[in-house]
Amino acid sequence: MPWMLPTIMKNLFSRPVTRRYPYVKRPPFPEARGKLHFDTEKCNLCGACSRICPANAIIVDKEGRTIKYNPFACIYCGNCVEGCPKKAITMDILYSPPAIQKEEEVITFPPSTK
Amino acid sequence: MNWIARSRAKSPWLLHYDCGSCNGCDIEILACLTPLYDIERFGIVNMGNPKHADILLVTGPANHPNYRVLKNLYEQMPEPKVVVVVGSCGCTGGVFHNCPNILGGIDKVIPVDVYVPGCAAKPEAIIDGVVLALEKLKNGK
Amino acid sequence: MAIIFIAAIVVTPFIGGLLRGIDRKLTAHMQGRIGPPIQQPFYDIIKLFSKSQIITTRSPLLLVYGYLLFIVAAVVLFALKQDLLMLILVLGVADVLLVMGSFSTRSPYSQIGSNRELLQMFSYEPILILASIAIYMETGSFLISRIQQPLLPTLWPVYLALLIALIILMRKSPFDISASEHAHQEIVRGIFTEYSGLYLGLIELAHWYELVLVLAVISLLWTAGVWPGILLALFSWFIVLIIDNINARLTWSWMIRTSWVAGIGLSILNIIGLRLFGG
Amino acid sequence: MTASLIGIAILFPFAAGFVCLTLKNHKARAGVVFLSAIVLIATSILFFSQGTFPLGYTPSHEWDMAIFVLDYLLMAYFLYLGLNDFFRNGIKIRNVSTIGLVLVQAISLALFEFSWAPELPITVEPALFIDHLSLIMCLIICIIGSLICIYGIKYMQDHEKHLGLEKTKQNWFFFYMVMFLGAMNGIVFANNILWLYFFWEVTTLCCYALIRHDETPEAIESGFRALWMNLIGGVGFVVAIILAFNSYGTLSLITLISNPTPFLLLPLAFLFLAALTKSAQVPFQGWLLGAMVAPVPVSALLHSSTMVKAGVYLAVRIAPAFWGTSLSAMIAVFGGFTFMAAAILAISQSEAKRVLAYSTISNLGLIILCAGINTPLAITAAIMLIIFHAISKGLLFLCVGNIEHNIWSKNIEDMQGLVRRLPLITGITIAGMISMLLAPFGVLISKWAAIEAAGASASLLSPLILLFLVIGSAATTVFWVKWIGRFLSEVPSTEGLKMEPFSPLYHTPVMLLIGGAVVLSILIAPVYNWLVSPAVGTFYLTTVSTQSWFFRSAIGCFVAWPLFIVLAAALVVPSLFVKTKPERIRAAYMCGENVEYDTPQFRSVADDKFELQLGGVYLEEDLGEKKLDKWFKVIALIILLVLFVVVLV
Amino acid sequence: MARTVIPFGPQHPVFPEPIQLKLECEDERIVGVVPVIGYISRGIEKAAELNPFRNNIFLCERVCGICSFMHALCYCQGIEDMMKVEVPSRARFLRVFWAELSRMHSHLLWLGLLADSFGFESLFMQVWRAREIILDISEMTSGHRIIQSTNVIGGVRRDIDEEMAQKVEEMLAQFKELADRSILPTILNDPTIKERTVGKGILTKEQAELLAAVGPTLRGSGVASDMRMTEYAAYKEIGFEPIVETAGDSYARTLVRVKEIYQSLDIILKALSMMPEGDIAVRVTGRPEGEVVSRVEQPRGELIYYVKGNGTANLERLKIGTPTFANIPSLLVMLPGCELADVPVITLSIDPCIACCER
């Protein structure tokens, strides 16, 4: 009964601890795992990321020279980042935003120069 | 009318249903209620009862034993109502995409208005998602 | 008289809504949160009024109007300074109609909630009636208009008992038994579970009236001028908020025990005291 | 004119009863019952509109002689009943106590009349005395009692059909039913206490016979219980007669009441004992609960207009005589305790008629409490309670009887969702309960007056009385509302309500009664002015005024009719514009596992469908009869003991 | 006597997860309980046979998001056992670090839910506010707030450097201060909390052993049993004593968990200070073959992974034995006879987690 009293009184007379998101945004931790970026320069469309993705979120189309990445399936584990032989995938510290439509990202590669 | 739209946007009440999630997103939803995120700032209250709710927050993928319950809850919510799916597995099946008991994303069962990706979705992302949903609510859907 | 009549009907819900808003704000602050804006209850109620209506059965809907109307009637009776005991009985009518309404659907949680609401009435009604009798013994009349002296010095045990009733009526911990205001407990929203939209809004509106009314009754205990009375009421209200935040919610049997032993006990002792030494 | 009306009111039912007994033809009997009902109703109304009150009337002395003889015949019959049972079934509490009590009564009465009394039979001028209180009782008996008899015509047909009886026993049934009314009129008119005593014993006889009507072992047992418990009251009566005559030399009730002296307290206490056995106060509630085995019209009659009302009538009648004494305060405590105890016990009951019975006991306790408080406001409350309780309780019994004949059960649990199955009768029942329970109906106005009177009572015991009063009235709300809740608990459905077929003999009496309850509650001011105020005014200064139809006492004011407007608005307005379109109907919330929206089923173990069951709350463990009954009886006995001690000291 | 039979769940505000209790009551006294489970069964064990064995780490983490780290740990330890991999000792210490961090956040989460279940909202808020500090530590060190995703077969994926360790210690001190000031005294002393928990849902020592309860449910009944006593990861070096209470009621279980929060705090600090330098992972090649049983102590009790490999990239069988599944029978002993209002409290007192119970 009275044991909670000091706490609530202290709370009542001090500033709330609430983070005022979305008006004030806290910078994410440097280690935070967010959405993926594919570097079309480095990637050679080997497909390793697709094979090791536990969520089946990456589809590499070697012929069509596209990578389809589905942020709504991705579990942000970073397995692909670590597994990519070319280090072509980087992970943002910002999470991918909510959306009204779930659209896959299609990353198109310039035609092969070989 | 303006008043109504405004009030709708200012007073969204939640119903949360866990359809087969791993708990990760559920506890992040609960975390949104707590002092650090405090979504009651936006008038959001977690109601726990479909008849009082405006927003249905669903976590987890749709699975066979559970989709019927989800449907029932959705039907018991009065209009206007919106559905927000939280978490990658609810959006598409995510990491559970090849589990035998899974139907797939929640949109296989009920119409979904907002998708919040992430595994687990961060509280910030959930707030963003709800804010998106409010736009829909405002217009009476 | 007509002015008082209309003012009571129109102004009361605004005060009630505002109090609810401040209530939520203060509660949030006590928990270290920012909380909703103070006008939040008004947003809520407008939203509820604008929702589409879904219905289980018809009778609860009819009875909700009765609940609201009788509470408004009680408020008017207060504003016109009528008989206090009658006012309490009229309040009882309102509550009975609410309970009947939520009994009207075969729904597990609203039934359990209604049963508990009955037990709540079982707990607080005696306190209110005894309070009105104690006030009578001091003033010589049940009419509110006859209260002229400050009553708190002789009626403080009754005041303490009324605080218990106030907790129950405001549906706050530890006696938030029938509706579980925070909705995360065993009976969902209890008695309110099956109401939605407009009807839930009407109930909320009635609740605002009821809140103001009960506070007004408490303010009677100090009628050496209006302001001290109002301060007393607000003070009591604030005490209830604090009690709400430092207690777990208890069970109905505990509620009945406390309200009977403490609430009825204090009131009866007070009445015995008045009978023996004064009045 | 008045003389013949009195004659009709008392004698006609006896005559009609004998005619019923001889008639074997159902139609003819129904005709007689119907006719006597009309005659009685007409008589009482004529009486009310014609007479000037109070009035005394003394019929010729042959009647004194007749009653003198009949008295002993009656006792002989009781003795025969006891002995008969003794020889058939051996020693049992029931026959031993019957025999013992009859003998005590007969011997002491004989000793008194044959050796001490100066003349034989003792006559009193006037033998009959009729004031407004008697008149109110007469109206209740004749109107409500008659309606119940009419209802009984069809009820007993169905009842016997259900039992599969070959030979009808209805002639006996109506013999006692109709005679009962005459005896009751006798009680309320009598001024000679010996007459009063005779009619008192006749009601005991009727009550006994009607309870054992079905002749099941349980019925016989209950009949005997009613008999011997009421004989205790009879003994009380005889003692009171002897004591009163010894100290006053007269047996005129009115003389005694209008000249109270301290010596009077003891006979009054004994009269009160008779009153409280008759009105089944704790600890004597057993017989009334047992009486529930009787057919419904019997219960309705016992509870509303006859029998138990005789008890409270007597208590209210003699109240002026003990005004301001310690006896008065103790009576208030006693009544208050019964009010509370019975209301609490009613919570744990699941059988409809038992709930009604406890409610009756409780309300009678309240009336006795008012008689004990004994201020004009309290007596007003008592008389209004007698009126409104009679109407509502008679109504409720008839309703339950009707329901029983539709669902063949008296268990409240089986009445779940009955509004959908039998909307008409259920609606009336609920209205009847509301008239017992909610402001601004008459019962509640009376209760309001009772509480204010108790608050204003100067007695040192008043805090105790108040305690009983508030707890009792809170408990009353609980048991009524949870029962109403049972009725209302229905499953969502898109279909509209379908009324059950209208059955004139069943539905007319209940409709008349509910109409009466509502109209009289609305017209509380004129009812008060025409009936209650003069009745109170015979012995008290009235303090209630009905300015602008508000019910106003010196210390408070009840504004009834505006509340009726609110009630009407609350019922009528929304029902005009609340529309339930089928597409809006949803299932009740069952955690998402509803099977269909219109069945009370949910999915559970192994995906099977399970019936949702919602039992009522009975708090059996905390407030059950098993736990509390003993203690309540003990406490009540102690109070009674203290009461007598107080009187003797 | 009138009987009430109602569904309690799957969607019920008391349970964050879907489970149904079919309750039978008389008045409000519970006379029968049948639990209905299976609402969130996804078929993870089957899916684990379809995935490459390394990917299963991520799947196993999502058996449940609360003690996800333990699942990954248990799985990795199993595979490592099977493949005879020697895990570097720094990695073992880091595993202890995250494991105990999970335990803290799990217990705090549970404590908040318990407070909410008996309507003590302000306590719920305080607890979860304190919990955010733990989550921040988690995000700072692993990149995820609740699913740390730091285990790999052969070690861990993230390291904690000096600076970060410093920061962690600061934040833990902050947490301790908050907990000491506002949470602990309330839980230890508040009479209303005791009213709601003491003597509710008693599980005797004999019953607990007979029904094979695990974790705090078992320890609350006086049995000193904790998988950490088997000294996996770095518990051997750090040292470990299980926390035991003897009353066997809901309050005892609460106390066990509250004390474990403090114990975990100590273990984390010890792990940070004792952590040896070195690699955080070894490279593992080859494919698992054979079968193994791996056990770790989750916040809720003993977690068992049975892994069977057949020399291919896919496992032949993965079987998960979870603590809640083991604790449900004890629940069925505790519930009958209690009040309806106690159902949430007692149910939560075993800290039910349906996600991993049903997988």
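Letters A, B, C, D and E name the chains as they come in the text, with residue numbers starting at 1 for each one.
One rule holds for everything that comes next: contacts are C-beta pairs under 8 Å (C-beta built on N, C-alpha and C of every residue); 3 or more make two chains touch, one makes a residue touch a chain.
Quick caveat, the model's predicted, so the values are computed rather than measured.
Common neighbours of chain B and chain C, listed by label, are A, D, E.
Taken together, chain A and chain B share the touching chains C, E. Chains C-D form the pair with the most C-beta pairs in contact. Seen from the C-alpha centroid of chain B, the farthest chain centroid is that of D.
Each chain's centre was taken as the mean of its CA atoms, and the one lying most distant from chain E is D. The mean-CA centres of chain C and chain E are about 42 angstrom from one another, to the nearest whole unit. Rounded to a whole number, the gap between the C-alpha centres of chain A and chain C is 50 angstrom. The centroid of the Cα atoms in chain A and the matching centroid in chain D are 79 Å apart.
Distance between chain centres (mean CA atoms), chain D to chain E: 65 Å.
Residue positions 586-587, 589-593, 603, 612, 614, 616-617 of chain D each touch two or more of the other chains.
The multi-chain contact residues of chain C, meaning those touching 2 or more other chains, are 28, 30-35, 52-54, 108-109, 115, 183-184, 188, 193-194, 245-247, 253.
The set of chain A residues that touch two or more partner chains comprises 1, 3-4, 8, 16-18, 20, 54-55, 75-77.
Which chains touch which is summed up as A-B, A-C, A-E, B-C, B-D, B-E, C-D, C-E, D-E.
By the touch rule above, chain A contacts chain C in their complex via residues 1-5, 8-9, 11-12, 16-18, 20. Residues 15-28, 30-31, 33-36, 46-50, 60-61, 63, 65-66, 69, 73, 89, 95-96, 98-102, 119-120, 122 of chain B touch chain E in their complex. Touching chain B in their complex are the following residues of chain D: 586-587, 589, 591-594, 603. Chain D contributes residues 350, 413, 590-593, 602-605, 610-621 to its touches with chain E in the complex.
Residues 26, 28-35, 242, 245-247 of chain C are the ones touching chain A in the complex.
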